[in-house]
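Working notes, beginning with the structure itself.
Chain lettering (A, B, C and D) follows the sequence in which the chains are written, and residue indices restart at 1 in each chain.
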């Protein structure tokens, strides 16, 4: 019987098997990386039709969150400002700034500005802003220091694990109601100790119930 | 002529042991009767279930053997047949159970709660009264014993010829009996266990019970027979004419039955655990609280893991009847624990044992063993004319020569 | 008077007059022959077209979504799971034949194990399609595995559906390994006997340089036995877990503890039916009557009867415990939804099921039927239909009529459902037909072993004892061969 | 003339460009190769191997192979898979993602058994198969023994026995003479390609 394969095929066959395995691993790794927090677009600035700076409006001008996001403490949706909200000031100041051209366009034509959503939960998630504020969850907890963002970005993954983290241990994240809009507030006592007190005070449900599927998926 | 018969000296010793067992058992049972009369029939039931299991399981093993002719069956076939002949006695031993199980006698409550009108006309139980009533219960019991008895009789009548002469027709007939009989056996055993075990908690039901008890009775029988096998003919070099594989097959069947117990029991647990329905889960709640949880958990390592590992890894052990008997004896003990666990927690919400719990198995076991040894006397060990038996058998060689 | 027996039928495990060379030649020539039979080609084309239906259904599902299927509330699970369980069950016989019968020293497995294993692989492959398509969001299929993902979510390990993922994947992988390991010596044979260079190279690469070294054989046989030992509980676990899919749900007709053993028996039952459906034409078409003999067919028939009786026992238990449970939902399910032809639109399926799985197998009690290939073929078809109906009954009757009459509804499959189902049948047979021409359908190495045990194929043997004795001797002498 | 092993220590230099891998005897019957193997082993040869179309009973023992790696590897694989599977489920359900499922305790061990079991089987099977390939040095599409003119029958109906040149007892003429006495059909040289 004649040899079918050259001696070099021995090495070749082993290298190719290892190569395929390494290739598959690399492929898996790439897919994996693409799906982790990078994939959820955290910290990626989002371009808006108007180059609005939260930093300027909140920190420099001292405007409260609720001035623009009017329904945040009353409804599920925090609300996006209408053109009229912008124009309450900008009809008077910076009224000819080229940056504000889209706002004036919208005002003139009646076509609303198309703001790009930064944090958007899928339809199968029931999320309500008002209850969170009521129970002492601050804007900062989920949206980060928006008052320091010249352009807006998503600060947290908004993944389910992240939500449930807090639902499981709310005491690590809540604060007194009166400070929920205070972006720079720091507790003057132990967070957990305070959190446990507040849980009692605000009748926050036990973790067993807060992690019930139907709390968010109804 | 079949030269290999059960040795008398061993049988005599075993019969004396059986007598001592019966006497000690009787004393303990009577003490139990005096100290805690309310629970003696629970003890009797679980002990009866074990020895009924050995008897009916022996019939099952014989049927299986005739059906698939596994090597495990040839060496213990005589023992199995002797056990199957004890079926009428098991029917006799059933009588006290039926009397005290169904009727309130001497101030003792009946064992089966559905005989109590209070229970019977309450909740879900009243819908089952078409099945759970005393006359039908007795008719069914009679039917089970008749069917099992007929199967045992045929097994013995036809099987016997294979010890004395060659008859291919008998082999064929036994093969058919194996398959038909198995069908009948499993179905009747299912209903028997519904009647005698499941109806102890009349709200509870688990449809796996028939297969579970068919398997565990077979395990009881196999373990008991292997334990006795080494005692009766452990020293017989004559038996080594058969292939060594037969010894290994015995161990393998024991292993398979241990695994089957684990598989069926675990399936039942997991399904009931997952559904968490009140009527069903209560049964496990009874076996979890009041100290019973410890016994429940100990069944996993002791009734399954330990015998499983020993039988799986110890392949040398499977070829050594004496060492195999050690494992088998351990399984016999665990079978008692398991049956006790099936019966007692229903009534005893806190774990305790009575004298009768030890007396009943010794009493019934002693009687059973005594009668069983009697059935073995003068009998041949090997069915040398079974054409499927292999090995260097003197009788068969003569047969072959005469054919040539 | 003794009936004259047909010359090409034998009741032994291998026909007389075979030696190493002749079995090798006989089996490998099926693969290496360059002649392509018209019948084979025609069948491949027909089945490939039927498989095309699967492609069509798949495209519909991917493009339009699962809404093209007939499933809807209350029957959220229908053809998808029926077909899934049906195929998985069919796959089980392959493993049973190769693994359990190997452990039990049943040498009659030798000539049917290879194609039975192939059958397992293809059947499990077909089965896996349904959950894959049913999940709807196919790009997230990997969420079923325990990999960290952007949701930070782990699989729900208390659900039997996740156990299914583990069981099916393990089963597929272990079966594939078992099959491939078994193929290696035969691939070497094909490499050495192939006449064309491309065939030599392809089979040579697949054989991985197998040269039959004694040391290699030693490790190989140890591995093969241990894989058989692992596959045996594995195959039982797979269908047990499939049965949990139902038994874990508190739905009338589903939640019953007998499901695990009853499903396993049903799987083996359907699987052996499929083995017969494949083996009977195979042995006729490729003149393999002396390798897949009447003894094999009869033994398959016996297993089918035994498992069929367990399934029938399961039906009896379902009815009895439906009543004995005392639950009005269980009773309604059993006696109205399943049995009452006037009240229930699906009662026909329960009776059809009894006819196919209960009545049709009863003739198998007779040896005359068990040794009649045509009768076996017909009965096997009945059983295949019956086992499909069984899953139909379990799923559709239970879901259409559950606890709340207000939530009742009916179910009917759409043409996409049918396309996907019939398509997988085409897929299965196409793969199988390709397999029998590309790889040896019978293990050549094991057939040679069988020949070796019977004195080089010269002496005909009458009982199967001899080689079992040899096995026992081998194990006694060499403890490593034990398992 | 003295013969020396070449650099790879696999073969004997027997000429300008020729390397001898070993001598190969060819047999017709399985029993013959077992008997021959026993004799070769008794004669003190260590670097020997037989090539057969199916696993011949007793052959590897006759050749003196004592290899228990496969069961050992699979046992280790099984243990790793078992502990790993259980740990995985425990980690997911108790540590990483404790979720209330129907009011059951987080650590519901009966629910862990199926996945643990599957992982045990999977890892044991994978280690066994990979171990078999690695130990046997497969894939190895090229091997000197394939040069034997009859070797295609090693996968059909012939049995071969090889004494390799790297064996310390190997002698160019003596070994050949010894092999002629084994009752083989014929004995031939296996050369190693450069």
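One rule holds in what follows: a residue touches a chain if its C-beta (ideal position, glycine included) is under 8 Å from a C-beta of that chain, and two chains touch if they have at least 3 such contacts.
Everything quoted here is computed from the prediction, not taken from an experiment.
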Other chains in touch with both chain A and chain B: C, D
Core chain by centroid distance, with centroids computed from Cα atoms only: C
Pair of chains with maximal C-beta contact number: C-D
Gap in Å, rounded to a whole number, between the CA centres of chain C and chain A: 50
Between chain D and chain A, distance of the C-alpha-averaged centres to the nearest whole Å: 58
Mean-CA-position distance for chain D and chain C (Å): 32
Approximate Å spacing (C-alpha centroids) for the pair chain B, chain C: 35
Multi-partner residues of chain B (each touching 2 or more other chains): 270, 274
Shared interface positions of chain A, touching two or more other chains: 1, 4-5, 10, 13, 161, 164
Chain C: positions in contact with at least two other chains: 152-153, 160, 191-192, 204-205, 208-209, 233, 240, 244
Pairwise chain contacts, counting only pairs that touch as defined: A-C, A-D, B-C, B-D, C-D
Complex contacts: residues of chain B adjacent to chain C: 124-125, 127-128, 131, 179, 183, 186-187, 190, 194, 203, 205-211, 243-245, 248, 259, 263-264, 267-268, 270-272, 274-275, 277, 279, 315-316, 319, 387-388, 390
In the complex, chain A residues that touch chain D: 1-10, 13-14, 17, 161, 164, 168, 208, 211-212
In the complex, chain D residues that touch chain C: 29-30, 37, 49-61, 63, 65, 67-71, 74, 88-89, 92-93, 96-97, 99, 101-102, 104, 108, 111-112, 114-115, 117-119, 121-122, 124-126, 128-129, 131-133, 135-136, 138-143, 145-146, 151-157
In the complex, chain C residues that touch chain A: 142, 147-153, 191-192, 200-201, 204-205, 208-209
List of chain A residues in touch with chain C within their complex: 1, 4-5, 10, 13, 31-32, 35-37, 39-40, 157, 159-162, 164
